[in-house]
């Protein structure tokens, strides 16, 4: 249910992208992460606004890094850090397998054709099936950049970093990775889809329902949601129009993800019918096209290419965007870039061309 | 005296006029002289045939007052025969979350053919005159008395659909919200195509999954299980007879379909078989009952003053007896009003 | 329902691949195509074994090439021709949009999780939903190579040719393209899935049901197949095991298609539960990675690369596999290759590297 | 003389013994002295309370012969109260293709809570002795007479589930094919966990979509709607009483759940309320009837010789009258065998 907030990711690492690095969260990030959750004011809707919850999240990351997490809880948190201020200004969370503790629900948009040769009628109906199809998939969620740090490539860096991180621990991740997009809202910030469907079943408001999900009390979805498929054509047109749609604020992010191999595969959120993007994990741009090269501390010449670069692994994993020159499997990087990555000449780094 | 008997070919013109005046298309009787003619012929055959199991038979009763036809009522022996008759079953689905302290009932409409083969009573069609209500009731009682007298001709379960609500333009809010999405035509167009007559399209075009009622537009929800103003008296009559209307609605217009186990219909429960006694003392002061003989082709029922005497015989007028084609000591079926 | 027959496609154009070309079928191929259908002995199960049916198929191709076909009937037939004998030894058919005349049915494999915290029970059930989800998709079917011409790269050439053909008329094809794979059969050539499911609903044998589909009498599927989802766990294990499986004879073909961008996306055939492969059309290898270059009649040097090469368009479309040397957007090809392609020096050809 | 009355606390030991001897776990009575003790207490409260609507009440009747308890039967006022009681509805789905000339019926089991709140009769538990069949029948008739005498305490619909078939190892082929896939435990384990008692798990774990019967293993299909050999007499009794078993089966073991409209149960239909007359001439030569008084806490029924006299009174023995706690001219309910 937690979906990326608004941001305008740039296509390639922008000049300002070098101001950020993405790194794996540590136990001592708890206070900073809690502050981010508070600042997000509900946008990080899967995170309870308590210091304890933030600590628990980071402990889960530690257990995962140490190989001590159960299949159901294994997951990671990447933080976006402003290099100048060392402030945490964004995050993205990776879950290796969803739905193993509490069922993960969404709607699948299917088609049913009714045809009658006698009436010469052919009609194709879109139908929503409540399902747990995505059980066991990996998920990116809580992709968030602080308002005052947007428009500088932070969101793009987080999405690439997540893919490059997956590449370093590919066996922990599922063959399919998903990310939910915020759905369309009306003028009053309510979801027309929720008003037409969810409201009748939950008898609580959408925010209330989402809060219950955040608290992990998901059994009620099975108990209250419609078990039978819902015919889209029977819903008000305003609601129909939002199924599989996305909030305008995340349109640019969706395009970015689509270029990296995510597709809409007809699953939508049960609350606002927002699109779920899915990818075959091994075909993700950051997984399939990343390559390992050796870093060299040589200031790249002008006209150098732009790269997404990941260094280190586990707790030491760091990603940055930088200019570099690739010559015979050696990547020339500036001293500053190497410092940001916590790498040095001779370090093996994983790079992805920012075409 | 109101007399009820099987329709005959010679009733055709009068019935056609009555059906045309009623205006409501096809709810009670076909509003088309040729269809009506076929129906009367089929009805005559049905009354005349030896029947062990309900099948394609249709029985058309007419009510006469002073030899003038004042009403008619059609009994369909087996709904949908030989195919299926589709309805929406209004199912209750309990949605309970102990955690949230929520426990509510959702209603969902499921396409069902469970009523196929049940005996179907069409609403009586009665001319507007002073005794309209009593004639309508007499037709229902006579139909049930006929069914009771001939159990092999009818099913154990009886159904009686009433037409759903339409607006001033003749459009059905229920159809607009449901059927039109699946058939792609307006209600009036659907009526013109007589889609309601040949329900075999149902399985091809209508939804196989239940439709959640609360997700429908309010206009459609409001008319669900409701009948048109003109049918409220019939609605009341069916309730009095013990019919229940919670469970099924019409696929097209959402009108109620009443159901009752045959043995539990009031007329059938209270009907008594008594020896008849013609009694000159019986007159207007005695309560009027529906009396019926037990015949098929020669089925007759009358509304007549009658009294159960202490000796266990049913006293009535000579006129009533002769209309019933019964004589003293013949068994008569008596339904006390 | 028509699915590829057995063959062993080679990874790259084999030395013997040059013996074939693939071209668009013409009206005068009717007799040869009819002969192929007869020879296939039921393997081309969507084609009735009558000369009239073959003629009708070719007329449909002609109308499609001329832009005169309706959306429902638009489709093409590519033939595999032995260059030496000019015999027709294989085919593949392309349909631009399926399910527009008769509904196209398959099963979608979904998941339902039942969990009870009180019983501490968590169970994930696979469920089959009868659906028309693939309505409007493009389809490759009737991929077939004559028994005596197998093992020489013909099937691989047909799959590449189909993709390169789609690239030439991309606007006619749907965003998604599918291909059904033959499902698993038991020792007696019956499908365990059919025995467990279809048989109970159809009361005819599988071959009989498939024949009715071939004849276009598909209404009976809607009339007879189970409308409610089928829980896989309630079926015999022998049937469960075949869901989403493929016949061993098409395993190599499936791998080939997967390398070109097809994936199993949880749709299976309603008769034998064989896997349906799906691709985003524009990401297909032959669509996304083909490039237009100019042909040059210069015998390529030894050590030249292997290429899939398409020349011409519409009725003149031809594809072959050949060696060639690409230098600055010009491809050096042997005179023999050019002749096979019906091209000449200076012709624009569409090439795809056979990595 | 067989006498039937509400169970009392003092019956506990005998009943516990009887339940233990019967062996069949919990089908008729809890096979656990503490649960049985609670049940008797609840039953005493139920008989004693003023009840307008059926709720949590359970009524336990015992049959005595020469003051020895020879049988018992439990009536649950509202099945599943206050929650839902789940069953499988065996639905008929018509699969017809005019083109193929095919028209067959498929059966599918749908999880249903429609029987929730219906009055539930547990199968009578009767000691093995010479009069077993008659005592069993008397218990059923007495239960129905009690229901007829106290309509406000019970629902309009009655249900009576019979246990499904198990094999020699005590495993249920139906459970193995269905329930075990959803619960992940064997039938005996499910019984041990008493999953059958708390049916609130149904909505969480059982399938929401219908299960096609022909897709189940034959072993499971064969026992669908069948009861164990030991319950065949009860099966026959329920059929005689007009119960029907086509529609519902038990979610766990596939055993039949019989249903009847209260008003259509044979005992309730034929029961006559007549003034009682103690008559010394009545003896063994008169047919034995079930007679019952109309009380609640003091409900009594007996199997006694009785005769309807021409004056409309029911003649029986002084012993029967005293066991019924009735005197001359009191109304007695008489069910002719």
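Per-chain numbering from 1; labels A, B, C and D assigned in written order.
Convention: a contact is a pair of C-beta atoms (placed from the backbone, for glycine too) under 8 Å apart; a residue touches a chain by one contact, two chains touch by 3 or more.
What you see is a predicted model; the values in this text were computed from it and never measured.
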Of C-D and B-C, the pair with more C-beta contacts is C-D
Looking at Cα centroids only, farthest away from chain D lies chain C
Per the C-alpha centroid definition, the whole-Å distance linking chain C and chain D comes out as 61
Averaging C-alpha coordinates per chain, one finds the centres of chain B and chain C separated by a number of Å equal to 58
Averaging C-alpha coordinates per chain, one finds the centres of chain B and chain D separated by a number of Å equal to 36
Within chain D, the set of residues that touch 2 or more other chains is 96, 203-204, 208
Chain C touches at least 2 other chains through residues 112, 114-115, 219, 222-223, 227-228
Among line, ring, star, complete and other, the chain touch graph is complete
Chain B residues touching chain D in their complex are 83-84, 92, 94, 96, 113-114, 203, 261, 263-264
Counting only contacts in the complex, chain B reaches chain C at residues 203-204, 208
The residues of chain C that touch chain B in their complex are 219, 222-223, 227-228
Per the touch rule above, chain B residues touching chain A in the complex are 93, 95-97, 99-100, 102, 104, 106, 108, 177-178, 181-184, 201, 204-212, 214-217
As the complex stands, chain C meets chain D at residues 112, 114-116, 118-119, 121, 123, 125, 127, 196-197, 200-204, 212, 217, 219-220, 223-224, 226-231, 233-236
